[in-house]
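In structure tokens below, several structures.
Look for subunit A in each of the two complexes below; its partner is subunit B in the first and subunit C in the second.
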Partner chain A sequence: MKRVIDLRLTRVPDLPLEADRLRPDSLAQAGLDELYALPLLYGNQTVAAGEFLRGEIQETEEGASGVTLILRGDFKRVKRLGQGMQSGELIIEGPCGFHTGAEMGGGRITIRGDAGDWLGAHMTGGVIRVEGNAGHWVGASYRGKTQGMRGGAVIIHGNAGRMTGTKMRGGLIVVRGDCLEFPGYDMNAGTILIAGRSGRHIGSGMVRGTIIVRDGHSLLPTFYHNCAYKPSFWPLLRSYIEAQGLVLDGWGADCFFDRYSGEALTGCKGEVLLCHTA
Partner chain B sequence: MQKNGVMIEDTFAEAFGMRGCRLTVTAPSDHWALVAARAITGFATSVIGCGIEADVEGRSPAAPDGRPGYDCLFFANSWDGLANALLNRVGQALMTSVGSACFCGALPEIAADSEDISRFDIGGKLRFFGDGYQCSKVIGNTRYWRVPVMDGEFLVEETFLMLRAVGGGNFLLLGPSHAATLAAAEAAVAAIRQMRGVALPFPGGMVRSGSQVGSRYKFLKASTNISYCPTIRSRAPDSELLEGDNAVLEIVIDGLTEALVARAMRVGIEAACACGGIRKITAGNYGGKLGKFHFHLHRLLGDAR
Partner chain C sequence: MTVTVHKDVVCTFCGALCDDLEMHVEDNRVIDVKNVCGIGRSKALHGDNDKPECRVRGQQATLEQAYDAAAEILSRAKSPLVYGFSSTVAEANRVGVELAEILRGGLDNCSSYCHGPGVLARQHVGLPTCTLGEAKNRADLVVFWGANPMESHMRHFSRYSVQAKGMYTPLGRKDRKMVVVDVRPTPSSKNADLFFQVIPGSDYEIATVLRALVCELPLPTLADDSLVGGVPLSKWKELVALFKACKYGVVFFGIGLTQSQGKDLNIEQLIRLVGDCNRHTRVYAMPMRGHANVNGNNQVFVWQTGYPLAISFNRGYPRFNPGEFSVIDMLNRGDVDAALIVATDPAAHLPHTAVEALKKIPTIVLDPVNSLTTAWADVVIPVATSGLSAAGTYYRMDNVPIRLRKILDCEWPADLEVLQNIKERVLDAKDH
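On to the complex of A and B.
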């Protein structure tokens, strides 16, 4: 059975609202009354979700089974949407706040607007697609933790902020636009692709993993050039990104890349691939 | 039963349960993809002497990396036998081939959640050839290993799918001349090669040295099929040949499923009969005591749709 929960934000919260309970997999059985009664942290108080949300639930036998949660409105001040979700689909028709999709292990989040900081932090699976821009610390690790994102994919159609993929341990982050400083900082594994301009200090402190860029003007001197070649995995990665709904103009399957190994200070097992035919 | 003037003997082919696998090999050009495919399927005509049976199935309809590619089928008697043989073959025959990459072929013939499917490791073991410089890349839910080689990187999927398959479907063509028998066999092979999911592991898809179980020599577990050798017809105690049967060729078929082997046998026999020029088609069996799968020729042709 296909279950669609369609909710609208009735008023923009004055204070940050922590909505980690708003995730499709935990609402598979909930009725509207139960949903409205969900306790959410609002400032230093607990309020019922119904104070901010109104909507309807539709159940149909058509199409694939599963739960889709649609949130409409300006959720910029709503944090932790879809946090820890394991399955289902969350569609946010508008901007959303910090920690969206953090620690998620499966399912799909689509954000038709901008996303706040810590998008997909510590995620282990699933796909997050942002049609606008994303904030800082995408797929990163929280302070004090040693591993950030470990799996899944974050596809950003716009730009991303600083520290993208910090301490990332797996998974894929794609930024179609520009990315600010320190992408892949202390990265341990996984893949970051920045199709636009990259900020300085690409891969600073990276131990392993792959950062693919077009703009390598700010590559650190601790990265050493190896060769120019066509990585055999690139067509596969490109196809996967396209399957997620993002076409990278000018990044053909036959692209040539300059391969740099680095960072020398941390063992040189990481790589930066500089696309020079994009 | 007669078909286009060819006698179809009322007998059956006896086939065995095997383990099967499909690999997709790709390369920068069609030429090099075919070189790689031929290399990895080489010396793989019979499990008796090669430990594995293999064939180039055809061009890959959708190679994962978008490059020219060929699908190859492999069959062996056991899970370990197939896994070990493929590890050696991918390492020695494929990784050495220019610009090659190796992917687990899709198995649309079998339901994805079938208990007949299991996974085994190739890339995860071959990676050590990289001597510490290898690295992996996870794309979607699949892990690929990137082994540095002298022309770039050898890309190989970490694990591959293996399924319970069928090997040893067969039929024999008995003709009055070598040329006529070969023409009928070629027609059968051409028809079978239109199919997916079946392998004709012998050279050109056919075998002239069919074998019997055992030998008068104790050290030999298989010997020439004396019942079908025309040059010793009068000397062989149980020759199946008549006066005028001057050549015999056998088509041996391995398939991912029993239904595919049955269909391939039917398609091949019909093509050989349509070609004409042969006297009789029969099949090889061991009295039905050894193989789990029996393909009765009359039933196969009776089921033709």
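On to the complex of A and C.
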């Protein structure tokens, strides 16, 4: 049975609202009354979700089974939406706040607006798709932690901020637009693709992993040129990204890449690929 | 009238905490100070004058009325912020933390937009460091990176670093090499043996190249005349040779490094550079902390909450996230609905947008002197000046705690007493 929970924000909170209880997998059985009673953190007060949300639940036998949670409105001040979700689908029709999809292990989040900082931080699985821009620290680790994102994919149609994929340990981040400085900082593994312009200090401190960029003007001198080649994984990666609904203009299946290894200070096992033909 | 001479008084202006001041007091007023820099003298002579009026919403009030008003504002707030503490004693800091926890509010300090990035870097990579006494007695190489102590920590050179005569540096300046890295010539750089004028925002790249040179890694894209941060590579090689040749080097880093592009990552890379140098010789790093007790503030926050800055208690337990819970970001986003400001002047320090946000919410300020914030705050509580009319503990930039004495009498209570009074009233309000 397919369950669609369609909620709209009745008023934009004037203080930050933490809504980590709003995730599709934990609402598989909940009725509307139960849903409205969910506790959210509003400043330092616990409030019922019903104070901010109203909507309806539809259940149909058609289509694939599962729970889809649709949130409509300006959720910019609402933090932690879909945090830790393991399955189901979350669609946010508007912008959303910090920590959206952080620590998620599965399922799918679609954001039809801009996303706040720490999008998909520490995620281990699932897919996040952002149709607008994302903030800083996409798929990164929180301060004090040694590993950021470990699996899953974050597909950003717009731009991303600073520190994208900091201490990333696995998974994929794709930024169709530009990215600010320090992408892939202290990265351990995983793949980051930046199709637009990248900020300075790409991959600094990276131990392993792959960063694919269009221009490497700011590559640190501790990265060494290895060769120009056509990696066998590129057509596969490209078709996966296209399957997620993102077409990268100018990045054909036959792209050539300059391969740089680095960072020398941390063992030189990471790689930065500069696209030749983009 | 008798003049009383107080010796070995601690100066409470900057993080160097010079503790050899001689203060001459007559009629409960400091009339002269010896062994002090220009700023310290001004603070000592005038730090306990110009007290603000005790006010509640613009009207003169008694202390009791001000405590009641402060407690009412704070206990009603849904997202209060307790902020400041860089110029008050560690004991008051502790009560401030307790108050923030009771209020389930935010807690931050001035290092958030000052040396906080250095504190964050230390969490990730540690800090090989020493005391200022060791620097004075042993250092034969001192490097100032993004710091200008001649104007910010005026007695640092003579007491601790460049000119100080120590056990293994009996000739003072002649026994030391001095290096300055900065974006422009400064009074400090005029004294340097080597001065590197670098392009703003290039510190991370420079530290990376220096690390590669120290570790003797190849740099195939750079020739000797290639510019790194606006300085030829050959000059950086000279600095690396100095590092390797010294017996005891200390790198003092300032806000030029913590608040330029890269922020905490600049410091991480610098600390790693210092770590790399320790494969060859002894080298240490030390932040040039600004406000006198901003370091103590981090210390107290850490031993009370586990975190040095940008803390939120809104779930009842401490959470830490710079960018989310730091003072400027919270104010700019409008995440705060009341503020308690202790021993700092946000109207003078914070960006205009943050100050405007602060003006829109009820603000309580504790300040020993009239400031830009006391001019418009809803509740103004005058307090005794730490180190002059209030005793307590400050932490020097090298983490050494130093006890401050009370040498003047003051009609107003110390920060500690005020915070305790507000805390008791907030507890009463929460109980009922």
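Operating definition for what follows: the second predicted complex is superposed on the first by the 278 of 278 C-alpha atoms of A that agree within 3 Å, B and C clash if a C-alpha of one lies under 4 Å from a C-alpha of the other, contacts with A are read in each partner's own complex, and residues count from 1 in each chain.
In this text, a residue touches a chain if its C-beta (ideal position, glycine included) is under 8 Å from a C-beta of that chain, and two chains touch if they have at least 3 such contacts.
Just so you know, these numbers come straight off a predicted model, no measurement behind them.
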*Could you tell me whether subunit B and subunit C fit or clash when both sit on subunit A in the superposition?*
fit
*Applying the touch criterion given at the start, work out whether A:37 contacts subunit B, subunit C, both or neither, answering first, second, both or neither.*
neither
*Counting only touches as set out at the top, which of subunit B and subunit C does A:265 meet: first, second, both, neither?*
second
*Applying the touch criterion given at the start, work out whether A:28 contacts subunit B, subunit C, both or neither, answering first, second, both or neither.*
neither
*asked:* Under the stated touch criterion, which partner chain does A:230 make contact with: subunit B (first), subunit C (second), both, or neither?
replied: first
*Just subunit B (first), just subunit C (second), both, or neither: which does A:12 touch?*
neither
_Of subunit C and subunit B, partner touching more subunit A residues_ = C
*asked:* So in the superposed three-chain picture, is A:1 touching just subunit B, just subunit C, both, or none of them (first/second/both/neither)?
replied: neither
*Which partner does A:136 reach: the first (subunit B), the second (subunit C), both, or neither?*
second
_Output check: A:253 vs subunit B and subunit C. Expected answer is one of first, second, both, neither. What do you get?_
first
*Using centres of C-alpha atoms, tell me the angle at subunit A that subunit B and subunit C span after the overlay, to the nearest 10°.*
140
*asked:* Just to confirm the value: shortest Cα separation between subunit B and subunit C in the superposed three-chain model, in whole Å.
replied: 19
_Touching both subunit B and subunit C, residues of subunit A_ = none
*Residue numbers on subunit B that touch subunit A, as the complex places them*: 64-67, 101, 135, 137-140, 144, 146, 152-155
_Taking the touch rule as given, give the residues of subunit A at its contact with subunit C in the complex, in rising order._
14-16, 41-45, 77, 98, 117-118, 136-137, 142-144, 181-182, 185, 200-201, 204, 220-222, 224-225, 264-265
*Inside the complex, what are the residues of subunit C that reach subunit A?*
77-80, 103-105, 120, 123-124, 204-205, 208-209, 211-212, 215, 217-222, 228, 261-262, 265, 272, 313-315, 320-324, 333-335, 337
*Spell out the part of subunit A that touches subunit B in their complex, as residue ranges.*
151, 170-172, 190-191, 208, 210, 229-233, 235-237, 239-240, 253, 269, 271
